[in-house]
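What follows is a pair of complexes built around chain A, which joins chain B in one and chain C in the other.
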Partner chain A sequence: MKFKTFAAFVGPSVFMMILFIALPLISVFIQSFQITQPVMQNLEVETCTPGFLTQTCVTELKTVPVIGEDGKTVTTTEWTGLQSYRNVLQMDKVWEAVSAGRLGDILQIDFWKALRFTLMFTLVTLPLVIGVGLLIALTVNNAAKALRGPVIFVSLLPFIITPVIGSLSIYWLFVGDGILTAMMESWSGTNISMFAQAWTIELLMYFYRVWHVAPFAFVIFYAGLQTVNMDTLESAIIDGANRWERLRHVIIPHLMPLIVFIALIHLMDCYRVFDEIIGFRSQAHVISLQWLTVDFLTPDDAGNRAISRAAASAMLTMIGIVFLLIWPLRRTWKDHKGGAH
Partner chain B sequence: MMLKKLALAGAVSLMGTGAYAACAFENTVEIKSLSAGFEAWKAVTDAMSECGNVQAELDQEFRTKQPAAFEANPSLYHIGGVSNGTVTPLLNAGTIRPLDDLVAKYGGHLQPNQLIKIDGKIMAVAMMVNTQHLMYREDILSDLGIATPTTWDEVYAAAAKIKEAGVAEVPLGATMKSGWNLAQEMVNMLPGHGGKFFNDDNTPAVNSDEGMAALATLKAALEFTDPEVLVSDSTYVQQQFQQGKIAMANLWASRAGAMNDEAESQVVGKVKMAAAPMAVAGGAPATTLWWDGIVIAKNITDEEADAAFRVAMEGLDEEMVKANNDAAIWLVKGYVPGPLAEGAIATATANPPAPAYPSTTRMGLMHTALGNELPAFLTGDRDAAATLVAIEEAYITAAKEAGVLE
Partner chain C sequence: MSSVSRALRQPFGLRFASGAFLAFWCLLAAFPIVWIAVMSIKSPRDAFASSPWDVIVGPATLARGEGLSILDIVLGLVVLYFAIRWAFTRLPGLVMQYSPPSLIVLGWLVGAAVYALVFLLVFFGLLPLILGALNSVLGPLGEPVLGLTTQHYVAVWGENEFYRNFLNSLFVTAGVVTVSLTVGTLAGYGLARSGSDLAFWLLIAALVFRALPHSVLVAGYLPWFINSAEILRPIFGDLSPTLYGQPWAVIAVMVSINQPFTIWMLRSFFQNIPSELDEAARVDGCSHFQAFRRVIMPVMWPGVITTGLFAFLLAYNDFLVTSLLLDAQNQTMVPAIAGYFNRETTTTDQVEAVAAAVSITAPLFLLVMVFQRQIVSGLTAGAVKG
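After this line comes the complex of A and B, so read on.
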């Protein structure tokens, strides 16, 4: 392709990526080393608020932002180095816990608590998604032609549902005396509360994510199965390979690039787990890194946002994703180079 | 664009119903308002719309939209619906105007306690009060011969009896969803025990004997609450109440009306309201008073402000209150308190009275710190002393970042 044609095709997309991905990323990177805060002053303020029939007035010292001549609050921006990262990571407490031998204490720090769950969530669901996806694909591939359409349709349904709605549905099915909890209670005869302790919530989250994402893996694998070399497969049968050996030595090696691809996408998506936390209201028991960033950004009633810590937390999340992606990316790169020879 | 059109169409159709019918004047200036979306606001904005050219946006996410929308010049809304919690960022940014002139001109019918004065200037006009107070199943308590509890110790004693008798699935309901709701419970309990959140220099003062007592009172509830209490917010508790599962709860007055809603509730007429329980006998009720009301944006012309205020006054008139008497505990003239309002009024007029929610910049930071650090205590991951230390540390980090602490 001529360079000019190439540029004309790629240009708009590169422009958009710079505008909407690279520039915000740079800005977040810079903000994670800065603190912008309003200039505060202490004022004696008399506030009168209604009771039911009367009013109560209190005079108290309030710390309020200074408003400049242009009618906007006066702010200062300072470079603070790694302070925001220190505030998020709280390494001093981590070392304290390590030297005291109480490793469990580390998990009471928000960031580490979130990291523990995020990593576990990502790594536990990954093999499950690939396994379940492959299983559905093989089943559909071996199903009678007449059944395939309906089976594909039904297996794709979970993937179409908006993540927040999906997690809310699961929440409603299980919370309190939700239909499924009530059913489990009548089977077991004991009172079950799925949202009262961390491990049941986590279990539901793993279940939900696998249920939701497995169809994606299924679609990709199903497409891959259509391209398996029939000659190789037939010669394997002639050589006496059973079903499992055919899967192990012919089909999986053939699908390997797709498995790596799904792993890549899944790691990226899963590390940013957020919908489950909101949908299941699990903040008391389980939080994720992405939720932590959003929590820093959410203004409280007085309008404060912890933007610097949010920026630091976002950068740390990105670093985490990069680490996770090294393996699948190297693998893809090797395959790519191998293919060129 | 589509959404905007839809919203516009909605507003126009709202105006269409009985437009100009009940309004004392015909409004010719286009007025927009942004407020929360609960029943009382619906009543007020409907009444405002009768004057014509009013676009009312009712949005439960108003608290995140309002500060930025009012900071624009010209402001995106003329009228803002606020509570004493959400007015703080507007006051801090100076984006709402003093209303003294307008009140003098058009506010003759307002009650003196409706005028929210900050440093002598009227900054908002309140329309209703809200508070968390004790709601209980009168039938259950009288069957068991339990007098209406007035302190938290009595509440727990009553809950123990109810649990023993096994007459309610959940003896005590609580809005302890981690985050804002749970933090609010501590905001009730700590001052209730005589403690305070801050020293004069904005440093935290939570780590105190009162703090320990407040945490102990909070945790004592867990014996009687739903095991999933850390995910239950006001709506969830309200529904459990309506389904007859809960015997008592310290719940928002704005939820009282739902108990007698025959379409939803199975306990119509059985729920009574009483003052919020005290943390210590003889103290103030362990709760906070809230108000909801209107503010007028600063970044609009005086002419628009004039029209906006007149429209707002039409929304807050006697006629509206008479038509919607039970939608809220109104401060507006013409309100006849019904049995549902008894608890809130008892709370507000108690001696000593419950304090107003202390909405300030530092309190916003403290509220977040409480909401994030308290769950670990209630799940048992952390003991009380360590929790208080953690709350203070979280607050200090946030306060330094926000410029409240050096």
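After this line comes the complex of A and C, so read on.
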């Protein structure tokens, strides 16, 4: 294919990706070093109230935004260097906590709190998703043929459901005296509220994510299981391998590329955890990196969006993505060089 | 594995454990979804009752005289069974018969729409009328035994004007699916047929873009979108739009966000189409575009439909982008449900939120029913080739 034809085919797609992915990235990078604020001025305002004999007049010095000719507030954009990053990271508080020996205090700061949760969420759910997915695939493969279709249908439901709605549906089971909370209360005889402390919410979030992603892992593993080499399996039996050894030495190595694929996709998606925070309404207890950026972008009570802080937090989130992708990208590059595909 | 060899046969204990686990998983997978569906048709007191039996039977709902009799349940299930059976046995034949072969996709869309309309009319219009008459005649068999009320759905779709959000969702998802498939198919084909280094680097860049958190991108759009009227004024004059709050701007954004995934997936589908096919067309004197139009397009639909499903899911399920880039009057369904959180003060509000959630889930449920095979093949295609 000539370059010109190739360019014509991929042109629209590349154009859109540059316009809406690459350029916004550059824009975020620049914004994170800038701050845009309304220009403020100090005005002496004399307010008079009617009084006996004479008016009572008070002169005050007020800070008000400058209004331009078009009726909008005038804004300036300044370069502030790393100020926005400092605002997000709050390193001074971190060092204070370290020098005072209270490491737990670091997790009171929004960014570090979000980072802790995001990383833990990613690392805790990863093995669970792979394990549960593999288990479902093995059991479905074991089940009667007629059952497989309906089981796959039911299994796809948690995967396909809108994440916000999925987490809400679990939230409603546990909220207040929801059906499962009531059940646990009658078992344990104590009063349980699942949404009053961080760790129970986190547990529910882990559960939700495994519930949501395990079907994806299952479908892929199930497809992989169909191509397991029966001859190898049978020779393993002849060699006296028991079930567990067969799983360990024949089936899992066969599925290894799929495990790597799922792990990679799962790491990417988990690192972006956001919808759970909305569904479980956990803002007060548990937040994630992506939620932090969105929170900066949401207008506050005065209608201002903290764009530069959002940009800084977005760039910090990006650093994590870079770490995440180094290894798979190196692998792909080696494959490409080696010509093996 | 129909003829399992003796050595592979499993002991009873293992088979039992495996079956039990599978049953447990199915229960776990379906329970939250089924449960919110049950909650949504009960009066608030029943929906949040602490005994599961009360939620299912709904005594408070029954006390208000709203419910289904045994006859209703039996007849309803029979009609439902035949409706579903007919849809899978006779409907495809009718669609094939009446739509011209070149417009088969359109034929399916029309067929599905007509079917849905007839089904809704029969099930929610005709059936209640007949059953109402029958119930009053039959006496004890016609007494309601299972509480059911549609008041929350009426409130959500009627008073709260959820249909506006539904239409917005429809517009945004339809836009995202069409545009991203049009752009993505061309790119996927180009990438699959070009072995150049440039193609490789494009795919790698797409992989990196795939990993980006959406909030990073939205942080990049927001300042530009809000001020776009002023920024674009030198070019378009007074016609320049404010992109913030425009559904088509959101479509463009989501198409781009979805592009990396789309081109990876379509590329792997096109790689499965033998390149001898278009080479033969090229030998016969077609240009690349003609070969694509005449030879590839007729055989690419399975892959395109699968990719389209995933584009649909992304657009339909999105919360982050739409909640930040759209304003209140053209909000889509998923962010709109967050509006219920803020005023969720009474249990009635809560159950209305549940009803809205079920309304959002219902189309997805139908989607899995119809396209289960395509979804599964799409999931595996990415893994096996990628």
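Simple rule for what comes next: the second predicted complex is superposed on the first by the 292 of 341 C-alpha atoms of A that agree within 3 Å, B and C clash if a C-alpha of one lies under 4 Å from a C-alpha of the other, contacts with A are read in each partner's own complex, and residues count from 1 in each chain.
In this section, a contact is a pair of C-beta atoms (placed from the backbone, for glycine too) under 8 Å apart; a residue touches a chain by one contact, two chains touch by 3 or more.
Just so it is clear, the structure is predicted and the values come from calculations on it, not from any experiment.
Novice: Applying the touch criterion given at the start, work out whether A:176 contacts chain B, chain C, both or neither, answering first, second, both or neither.
Specialist: Both partners.
Novice: In this superposition, which partner touches a larger number of chain A residues, chain B or chain C?
Specialist: C
Novice: Mind working out whether A:306 is in touch with chain B, chain C, both or neither, as first, second, both or neither?
Specialist: First partner only.
Novice: Of the partners chain B and chain C, which touch A:153 in the superposed model: first, second, both, neither?
Specialist: Second partner only, chain C.
Novice: Touching A:61 in the superposition: chain B (first), chain C (second), both, neither?
Specialist: The answer is first: A:61 touches chain B but not chain C.
Novice: In the superposed arrangement, does A:189 touch chain B (first), chain C (second), both or neither?
Specialist: neither
Novice: Touching A:45 in the superposition: chain B (first), chain C (second), both, neither?
Specialist: first
Novice: Now for A:101: first (chain B), second (chain C), both, or neither, which partner does it touch?
Specialist: It touches nothing on chain B or chain C.
Novice: Could you tell me if A:20 is touching chain B, chain C, both of them or neither one (first, second, both, neither)?
Specialist: second
Novice: Based on the superposed arrangement, let me know which partner A:240 touches: chain B (first), chain C (second), both, or neither?
Specialist: So A:240 meets neither chain B nor chain C here.
Novice: Considering only the contact definition stated at the top, list the common interface residues of chain A for chain B and chain C.
Specialist: In chain A, positions 176, 281, 298 sit in both the chain B and chain C interfaces.
Novice: Name, in rising order, each residue of chain B that touches chain A in their complex.
Specialist: 63-64, 67, 71, 84-86, 88-89, 91-94, 112-120, 126, 129, 177-179, 182, 200, 202, 226-228, 230-231, 236, 240, 289, 291, 298-299, 329, 331, 344-345, 348-349, 353, 356, 359-365, 367-368, 372, 375-376, 378-379, 381-382, 390, 397-398, 401-404
Novice: Along chain C, where are the residues that touch chain A in the complex?
Specialist: Residue list for chain C touching chain A: 2, 5, 7-8, 10, 14-15, 18-19, 21-22, 25-26, 28-30, 32-33, 35-36, 39, 48, 50-52, 55, 182-184, 186-187, 189-191, 193-194, 196, 198-200, 202, 204-224, 252-253, 255-257, 259-260, 263, 288-289, 313, 316-317, 319-320, 324, 334, 337-338, 341, 350, 353-354, 357, 360-361, 364-365, 367-369, 372, 375-376, 379-380, 382-384, 386.
Novice: With touch defined as at the start, can you tell me which chain A residues reach chain B in the complex?
Specialist: Residues 35, 37-40, 45-58, 61-65, 67, 71-73, 76, 84, 87, 108, 110, 175-176, 191, 193-198, 280-285, 295, 298-304, 306, 308-309 of chain A touch chain B in their complex.
Novice: For the complex, give me every residue of chain A touching chain C.
Specialist: 1, 3, 5-6, 8-10, 12-14, 16-17, 19-21, 23-28, 31, 36, 135-136, 138-140, 142-143, 145, 147, 149, 151-158, 160-166, 168-170, 172-173, 176-179, 182-183, 211, 215-216, 219-220, 223-224, 233-234, 237, 243, 258, 261-262, 268, 271-272, 274-275, 278, 281, 289-291, 293-294, 296-298, 305, 307, 310-311, 314-315, 317-318, 321, 324-325, 328-329, 332-333, 336
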